């Protein structure tokens, strides 16, 4: 395991890079980067399979952080660790810390329910509930005890507007969401995630099941959402990462090869493997 | 759009008084309800065993399992289960002879030959057939099948093994047909195409490729159907008579284990009499037979499960 | 050298195709046996029933005089019976299915419970009757009441509903489950607001089919000692009662031919009720099943 050291070296340089950004930020206030998620030596096993190894990453507020890498590199597992959805698999074991706003998400008094209301998620395949569009979007607020019709109405409208689908569905809020097209379903799912006004939105390959037009719509939407939310997006589509994200982390075989500003990753990567991947030589 | 609320704040306020105790008690409550099914099994075993023990304290257990004479009403009663067991076996024999070829034929047709449209018509018919109460089948046996049999061969008694057996066969037919069809349909099409692609006919493909691949599921379905036939009560009570005997004759009246239980309970077996307790000894034997069949069926399914 | 004699293959081909064709028709005939039985059963019964099936039959109590005997007491009795069986069976089975599918850990206890349920499904109904006789009728001193028979039938159809409910719950895709949990909903919120509503058409279909089995079930009622000559309908759950299949059985067993006609009339009533229930099940299955 000689390359572990090498990897750590890389990570250190990455960390200092973000630190430098910060110090620079003090002199140039317009690019203040406030970290929202930070992982410290995070490790994860599926049974005996060491799926994530010593992950040290920082994601910033009001940015889109992309995670790229070949299939099976652990990128989905990692993003599902951020809201502890990964624990639905019974054989999962974790080590190390994930700090959400400086609070360890694995801490006992931080319940998963609370974490997941603050860290929402959009999944790979559109997965609306077999309910009406309204009930889908109102689901989150309702399970968390918000019952006033008037407030729910407002939340539903605002979420659907924010998800850029209000105009398409405003006249049929009582129709079953299953009947919508795939792209519309995915935006309903985004609206559903927005309804609880989370701090962070995790997106696990949100456009992989969509056609190009719907994909563009979702990508535009992400840019819009960035103003109010922080987004961590997993994607297997490098152009997408390049188009939408502020920073990019390249995962390979369960560890982070390189994490930097997206521009750097795509134009001037430090690591040969990153360069090979982003230039399409493997993947 | 102006916004005069803060969802996270409202959630926070609601979460503070959300008790975790309720959430934790749900699985416990559900588990306790689930235990009722275990309790039912225990109650069945306890009933059968305790009352059988009472029976065997009065009558010889050796005679029970070795004798073939069942004469509970005589002044010197004899309880030899083989007289009843033979009755059951005769019924099961006729039912199996009748239902297995027809059931398999139907399964092969549905799985290998039928178009989706034919399937859509036939399958509900099988479902309806499976849903007909057994007392109705009993009526059908005595008022339809028996007269036909008697007109073919005058040696048939009003109550006989053949009529009841055929109708028990009709009752288990849908089960064999649909479970075997499931087994055959789960053989992947690529396997079939491999054979058809070499110029084999549908028939050759069925017998040389599909049936061997589905054999465990088919056998399991037959075993399960046999278990159902052993436990069948109303058809035999109505059409097979109430004369326990260990003969091999299929034209004369007989009595099965289930038929005996119905006969005694529809009369009045005085509570606490030996006759009353004999019900449970017979019930126990019946339970063991069907249990063994069910276990066998499950074992076959598990042991020889084809993985595709 | 030629390993394959093409002429020989060609010569044999016609025979093979013929066998295929003949057996295809033979298999088709096997399939038709079920239909033939169903038709002859219904026609035969209808012919027997036709003079007896009238309003009087539906509205009169049983009577020792054949021309006055009716089915009313049996119909009402069966309704009372279902009033016990249905809620008890639904409560126990759906809770069991939810536990097994959503909460049960993967361990030996769970494995044992599952095996036990599938074995319970294979226990002959007459043995459930013995259970009812010894436990409910005798030990708990309920007598041959609606309650004793209803509980017995509830236990009998429990495994059927458990298995069909499990299938319905399992068919709710896990992505939907994840979506709910991912919003911070608790397990029970997810189960009660998402999974149960999505699974309910399947569960109801299973329940209706199980109830139609319970309505026609005779053997346990005979064993429990349900009477056939009552002149009143029950007023409470601890009263004696009559039931449709039981009444039919007692008529079938009568030596006089006229009773066979009464039995036939009773069968038609029972079959019509079952047919309505089955149609309802199919309707619900088609109408409300959610496609993902």
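Just so it is clear, A, B and C label the chains in written order, and each chain counts residues from 1 on its own.
Keep this in mind: a contact is a pair of C-beta atoms (placed from the backbone, for glycine too) under 8 Å apart; a residue touches a chain by one contact, two chains touch by 3 or more.
All values derive from a computational prediction rather than experimental measurement.
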Maximum centroid distance from chain A, chain identifier (CA atoms): B
Comparison of A-C and A-B (more C-beta pairs in contact): A-C
Distance-to-centre winner among chains (Cα means, whole assembly as reference): C
Where chain B and chain C are represented by their mean Cα positions, the distance between them in whole Å: 13
Whole-Å separation of chain centres (CA-atom averages), chain A against chain B: 54
Euclidean distance of C-alpha centroids - chain A vs chain C, Å: 50
Residues within chain A bordering two or more other chains: 113-114, 117, 144, 196
Set of chain C residues in contact with two or more other chains: 186
Overlap residues in chain B, where contacts from two or more other chains coincide: none
Residues of chain C touching chain B in the complex: 16-17, 19-20, 23-24, 26-31, 33-35, 37-38, 40-41, 44-45, 48, 91-92, 95-96, 98-100, 103-104, 112-113, 115-120, 122-131, 133-135, 138, 155, 158-159, 162, 186-188, 209, 212-213, 215-219, 222-225, 245, 248-249, 252-253, 260, 263-264, 267, 270-271, 274-275, 278, 282
Residues of chain A touching chain B in the complex: 111, 113-114, 117-118, 141, 144-146, 151, 154-155, 157-158, 161, 195-199
Chain C-facing residues of chain B, complex: 22-23, 26-27, 29-31, 33-34, 36-38, 40-41, 43-44, 47-48, 51, 101-106, 108-110, 112-114, 122, 124-129, 131-136, 138-140, 142-144, 170, 173-174, 177, 201-204, 224, 227, 230-234, 237-238, 258, 261-262, 265-266, 271, 279-280, 283, 286-287, 290-291, 293-295, 298
In the complex with chain A, residue positions of chain C that touch it: 106, 173, 175-176, 178-186, 189, 193-194, 197-198, 290-292
Contact footprint of chain C on chain A as seen in their complex: 83, 85, 88, 90, 112-117, 120-121, 123, 125, 127-131, 139-140, 142-144, 178, 189, 192-193, 196
